[in-house]
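Per-chain numbering from 1; labels A, B, C, D, E and F assigned in written order.
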Amino acid sequence: MRDGVPEKPNEMATDLRWPAEGLSRIPDWVYTSEAIYRREIERIFHGFTWNFVALEAELPEPGSFKRSFLGPTPVVVTRDREGVIHVVENRCAHRGAELCRAALGKATELICPYHQWTYDLAGNLAAVPFRRGVQNQGGMPNDFRLEEHGLRKLKVATRGGVVFASFASGMESFEDYVGSEILRDFDATFDGRTLTVLGYYRNTIPANWKMYHENLKDPYHATLLHAFLVNFGLLVAGNKSAMVVDASGRHGTMASAKPPDGPNVDSAAKKEMRAFSANLRLNEPRFLDYVREFDSPWSVTMQTIWPNFIVQRELNTLGVRQIVPRGPHEFLMIWTMFGYEGDSEEMTRHRLRQGNLMGPAGFLGIEDNEAMRFVQQGMDRSRPAQSLVALGGREEGTTEHIITEAAIRSLYRHYRELMDL
Amino acid sequence: MRDGVPEKPNEMATDLRWPAEGLSRIPDWVYTSEAIYRREIERIFHGFTWNFVALEAELPEPGSFKRSFLGPTPVVVTRDREGVIHVVENRCAHRGAELCRAALGKATELICPYHQWTYDLAGNLAAVPFRRGVQNQGGMPNDFRLEEHGLRKLKVATRGGVVFASFASGMESFEDYVGSEILRDFDATFDGRTLTVLGYYRNTIPANWKMYHENLKDPYHATLLHAFLVNFGLLVAGNKSAMVVDASGRHGTMASAKPPDGPNVDSAAKKEMRAFSANLRLNEPRFLDYVREFDSPWSVTMQTIWPNFIVQRELNTLGVRQIVPRGPHEFLMIWTMFGYEGDSEEMTRHRLRQGNLMGPAGFLGIEDNEAMRFVQQGMDRSRPAQSLVALGGREEGTTEHIITEAAIRSLYRHYRELMDL
Amino acid sequence: MRDGVPEKPNEMATDLRWPAEGLSRIPDWVYTSEAIYRREIERIFHGFTWNFVALEAELPEPGSFKRSFLGPTPVVVTRDREGVIHVVENRCAHRGAELCRAALGKATELICPYHQWTYDLAGNLAAVPFRRGVQNQGGMPNDFRLEEHGLRKLKVATRGGVVFASFASGMESFEDYVGSEILRDFDATFDGRTLTVLGYYRNTIPANWKMYHENLKDPYHATLLHAFLVNFGLLVAGNKSAMVVDASGRHGTMASAKPPDGPNVDSAAKKEMRAFSANLRLNEPRFLDYVREFDSPWSVTMQTIWPNFIVQRELNTLGVRQIVPRGPHEFLMIWTMFGYEGDSEEMTRHRLRQGNLMGPAGFLGIEDNEAMRFVQQGMDRSRPAQSLVALGGREEGTTEHIITEAAIRSLYRHYRELMDL
Amino acid sequence: MSDGRASPGLRELRLEIEEFNSAYAAVLDAGKIEEWPHFFTEDAIYRITGRENADAGLPVGLVYCEGMSMLRDRALAIAKTTMFAPRYLLHLMSNVRVLSSSTSGVINATANYALFETLVDEKTILQQVGRYHDRFVRGAAGLLLKERICVYDSLIIDTALVFPV
Amino acid sequence: MSDGRASPGLRELRLEIEEFNSAYAAVLDAGKIEEWPHFFTEDAIYRITGRENADAGLPVGLVYCEGMSMLRDRALAIAKTTMFAPRYLLHLMSNVRVLSSSTSGVINATANYALFETLVDEKTILQQVGRYHDRFVRGAAGLLLKERICVYDSLIIDTALVFPV
Amino acid sequence: MSDGRASPGLRELRLEIEEFNSAYAAVLDAGKIEEWPHFFTEDAIYRITGRENADAGLPVGLVYCEGMSMLRDRALAIAKTTMFAPRYLLHLMSNVRVLSSSTSGVINATANYALFETLVDEKTILQQVGRYHDRFVRGAAGLLLKERICVYDSLIIDTALVFPV
């Protein structure tokens, strides 16, 4: 982080009671309290959730492995000799070393550097050097069982080439977890074509991790914050769009259809949008073209799959994003941009050109990251207060219009239950 | 801060009981405890105090605004169309964004970048985009009242071109707050001439914010720490000087008169002051000249106006300093150096040349900042203890001599009452 | 530290109860808890322990002084006019400034920069400027006694040119504190020859300070982590070696004898050591030569003297290491490398060349520091757990073989008693 | 020489590139982003990518421009439409190396850079360190970039990288 | 060229200024502050100020010296009277640009710098990054500074800036 | 000149040393440690030590190599036997100064450097800043280091200094 976060006055005093107004208010302390953060790790990231950890394309062959995170917790994703994918905690069973240090790689086994305890790719302890000692001295006791000291194994689910993991046992299937509505748009992006990784972005955001979900459940901001979208006709209040929310309220799909015939901003809307300025023109508008390739009415879908996963289908530029929380005041974003096997070189370059929209240097990405930083600073440095979530009144769930905060209210209904708040 | 402050042993153990010796001792924990710091923010900075936020000269015209702080809390100071000055909290009423990002500027309204909620220069919410929704969908509920969702407004007081603010309602006047004695020297500096800003310095000091007050209520250090003053005859124990304290004990004026006929160090004093070395000579002594321009017997007055304001009148170099606390272990100092409208170019340059004495690179400023760092490190890293404030015995309040800590005792009498310690 | 340490989930929840398995397990929280750390400072570093602070060679003459630390607490080590060594806390009795700023130096007295209170080299307050005030005004009260306001003095013990200090009164002698077995190897290194300082290394390790002790009580790692030792025949499982533990369990000596006739790795051992690769050859093997100069059967002894001291006698390269804890997650290591008065220039260069093995850029030092970082990250970022200390079964105390964690168990038996855990 | 030390023949080019880079830095540090495209050829490639991508041959770019019109659009968007907090930027560039100068007139060169960012009321941070991988050609007015790939070591961007590097 | 790339004619000057700056850095990094005035003319102006002041045309200086005697007094005060903790300083300077060289013999130039400060028992910090705005003239022994304005981006000084930059 | 500004006669050498240092940095930043000894003479001395040691005349080195075989052994050990986490390194070098060039052909020079280190999933840190104190001689293929003493200000190493500087 930049400078140390100033102490939030009164925080300790706060009794963590939700405001009487209910879901139309969110108290600052959900974004600033260490106690709340720790409860989130236990009940959400380490609880009954499916968390994104990898794309199968990142594990192309037997022996491929990837360092990843589940919440803030380091894990390793592996593909074993039989091609089966495993997710294990990145912590040696001996003295606890975070043993896997490389971001990606190939190996026949996982070896801890400190004393070279060796695990197979499923996380089973395979060998302990000098287990029987030397010259009949030392070594592990006779009652020591390798099988009792493997790496901690997580549950794994995959769909469409995407790998999820959970610390919880008895998890429902990924499909039941996200529900059919979310699944439809998920499947439109992960439609069976093999994915090819185009590269990575990584960035921290000095804000609470939940704000990233809120930002993508807040269609209202898109038409106001993102002057680029407005001026170049990608999204205008009044265009066909929807904010889909699953039954549980935790997942979402922000969807919109690019108006076929360019910008079409009615004058009423114009005067609401300071961002709009009629005389801006791109030199290379074609980089915004939408090449139809998906079985979907939407040209853009941004999916938030609780708690750590985002699927970006922005026209033809595609990526998944992983949220790695680092305390209440900061999180890490890991972006994996991808295309499909069989993309022509021109199509790949089209995706890359369109990539200028997104990411920590993207025309839209810059603005969202900056806005979240501003909000966290407001929470951290102002006198304790609450934020207002009243757009669209008390409505919750899926909406077909964008001047609403219904999806944020749905998320917090779920959150409060989970967190006993 | 530089390296993380090591944990203070036993701190948690401390039961925050003041030493039996009373005001002749100050326990370490007033400088190191997070709990004490939070109480200070609530009871002092957010309590019944007038806090410096700006000079009117920084807001020259209608529409001028300045980012500022009240304690650690960001505020915006504005001048509206009618020229009235307002101070509002820098936090959007919608989702809480710290909306004003520029240090200084001009605007006709305050617009939050996230969703462009728009406030007038008095902080009233003027517009919410798509408040009525689009095509009769969404928007704010009918019972939403703009007037209930403005920026939080603070009380404002101005005198002599200096702007103060308070979160407390029912504040006494600034004049009553500081008292007539302090006001006299305040008015000598802010004597009705229009101020012209000459520039800014900013620096952090890795020390508790209260040390800055103590340093300026401690005339004893000046003649010992500041060899420059001693060697070049600006201040010598025995010169005419005073340490003025207001009735409440919280404000102060450290005053001294430059001996007309250069250094005049009696031999008794000399041997007490290791700093003194007879053979140092400046090449350009004129930069220390004092051009009489103030209705005051003093050539130097340093005023500490509780809790966040210092007025520096050091010969002809003038500045105000704002204390922005950042936790118990660090604070930010913001210096605004100024002159007066109508100063000749030579007079301005004289003020600038004399500026070499003060600020984070000033001959005196370096020494005070270093000394405060040393003291905080002592508090943070030594075994828990207390400091000794026994110079001048039990005397408190105003003194005409400088070998005393009376003003520090007066401050802590006030502080202990306020803080229930 | 690098990035802020992510919050350890559940830590606050932890009830600090030791695992039922006893000494064969160590819970994460001894390495991560702030509360445990504070208790360590009070009971261990500030308690009944002898702590390394200096070598006499660093204080060659009357007036020599050295800035040092006892645990995290800054102290000053001085040699007075009579040549007597004193250790005082580095905190002025007046306002608490950390007064001594230079790492090493010469002085006739200790002067605090803030108000120039002056202490003799034994820490007695010698002078307070203007103690009697000026012109009969101010100054210290009449009942002020210099002798009541000196620097806090510590107990001092020296042996073989090594200086130790303690905050505790009524300490047993250093000899009784370490015991005869540890003393034997200590005396083999500090054998009466005068030490000559060859230079310093300093480094932080982002790990809990106790891991440094564990690393040097863990002979098992040496033959597995340190491929250099193995490949170039300095240490191989099966060589003559011992892990000596004193009666209290807190001190240790890891000792080994370099096989006279180079590497001699039995094929059984080879297959256990992945590090071993038969075909590596040094261009300059002579830098590993062992020149016999010590009255000891061992060519290498690494001594851990609780709580902050390590003596390195690695062949002919010699050094002492001081541990300075900085919270649970980081400590500072200060290395003082030395030789003996009368060393030939060639012998000095031999020591310096062999120095490539140790220190933060040493072939072995790099590996230990990295390994400790990995372990702390495991503790900090994984789900709460415990580490396994089962090598050698339940055996404790001195062992003649290296495939054991007996010495670590001995240390934690002592630690749990001391800490009431 | 095998370790790629420049022959004296390339020294003049190296000095010219240093001057080019200093002018380039001055334009960016002054926030004159709309002048930034002037340093490139019509068909220029500009890309900023992490060392992990460069090492793995992955084509993605934080910023990915093909040709002058995309460079201009990037400048336009940042200058006219993008919301971000005010900031100061400062570049330090050093260790320019000319790797080759072909008869075709294409000059391959690299340079190391550090980018420092300062936000209002915050301390200066090191936003990134990296290396330019450049291909220059000579235009009427001097050198122009036919390709600049900015490969940064600092894989974790702090919040946002607003301006080109 | 409009973007101010130096003409080859100015290259020699640029190289000479680099050598000047390296000598200047060496003197400051060695703490030889009493030699520091040697780099200036008798009537030299030396000022250190934040970019916020420079941009707003505000004249204040953290350090503000008019002429050799004030430079000497600054050196004297720091060397002989000022109390501060011991520290190491190290400058990195780069991107020297010669903006103009007038017939009157005044050379306008800039350079970027980073100043690193290390206190006893503490980690090295970036004390500031900034840019020199210089006016050189040629003296008997080579270049001399007629004016050096140090404009720093790092508006927030950490504790104190003890030595000139 | 007393303040040690280089005479123009030494300029060519300075430029040559800059190219040498850039090639040296490129090899280390690419992790090609086994090529690193190529920059030295057979009898070269290489040492990395803190400024506290250098100032006090203490001979110790974090790395201490006498002659090519010890340079090769250092490279071998780091490349083949030492365990450490993967990392990126990047050097910025500047302010090269040629102090003297003797008839015997030994060139004394210095340069300032900053070394930035980036670990997987962590922010870039400043591992150290320091100064090279060099003695060059001219070999068949150009300059070679007869001695390089790396004196660092950043006395507190963060964890480990794995590669030479």
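Rule of thumb we're sticking to: a residue touches a chain if its C-beta (ideal position, glycine included) is under 8 Å from a C-beta of that chain, and two chains touch if they have at least 3 such contacts.
Keep in mind it's a predicted model, so treat the numbers as computed, not measured.
K.L.:
Which neighbours does chain A have in common with chain B?
P.N.:
Shared contacts of chain A and chain B: C, D.
K.L.:
When B-E is set beside B-D, which has more C-beta pairs in contact?
P.N.:
B-E
K.L.:
Taking each chain's centre as the mean of its C-alpha atoms, which one ends up farthest from the centre of chain C?
P.N.:
In terms of C-alpha centroids, the chain at the greatest distance from chain C is D.
K.L.:
Thinking of A-F, which of B-D, B-E or A-D forms a repeat of its interface, with over half the contact pairs identical?
P.N.:
Of the listed options, the interface copy of A-F is B-D.
K.L.:
Which one of the chains is farthest from chain F, going by Cα centres?
P.N.:
Using the mean of the C-alpha atoms as each chain's centre, the farthest one from chain F is B.
K.L.:
Take the average of all CA coordinates in chain C, do the same for chain D, and state the distance between these two points in whole angstrom.
P.N.:
The separation of the two C-alpha centroids amounts to 47 Å.
K.L.:
Where the centres are mean C-alpha positions, what is the separation of chain C from chain F, in Å?
P.N.:
Those two chain centres are 30 Å apart.
K.L.:
Compute the distance, rounded to whole Å, between the mean C-alpha positions of chain D and chain F.
P.N.:
26
K.L.:
For chain C, what residues touch not just one other chain but two or more?
P.N.:
Residues 3, 101, 103, 113, 204, 225, 275, 332, 367, 370-371, 374.
K.L.:
Chain F: which residues touch two or more other chains?
P.N.:
Chain F, residues with two or more chain partners: 15, 83, 85, 92, 94, 114, 121-123, 126, 155-156, 158.
K.L.:
Throw together a list of every chain pair that touches.
P.N.:
By the stated definition, chains touch in these pairs: A-B, A-C, A-D, A-F, B-C, B-D, B-E, C-E, C-F, D-E, D-F, E-F.
K.L.:
Could you list, by residue number, the parts of chain D that touch chain F in their complex?
P.N.:
1-6, 8, 11, 14-15, 51, 92, 94-97, 110, 112, 114, 126, 128-131, 153-156, 158
K.L.:
Would you mind writing out the residues of chain D in touch with chain B in their complex?
P.N.:
For this pair, the touching residues of chain D are 83, 85-86, 120-121.
K.L.:
Contact residues on chain E for chain F in the complex?
P.N.:
15-16, 19-23, 25-27, 29, 35, 38-39, 88-94, 114, 116, 118, 121-124, 126, 141-142
K.L.:
Would you mind writing out the residues of chain A in touch with chain D in their complex?
P.N.:
Its residues touching chain D are 2-3, 103, 197-206, 225, 227-228, 231, 275, 277, 280, 282-284, 287, 332, 337, 348-349, 352-353, 355-356, 359-363, 365-367, 369-371, 373-374.
K.L.:
Any idea which chain C residues touch chain B in the complex?
P.N.:
1, 34-35, 37-38, 41-42, 46, 71-74, 89-99, 101, 111, 113-116, 129-130, 133-135, 137-141, 144, 149, 152, 167, 325-327, 330
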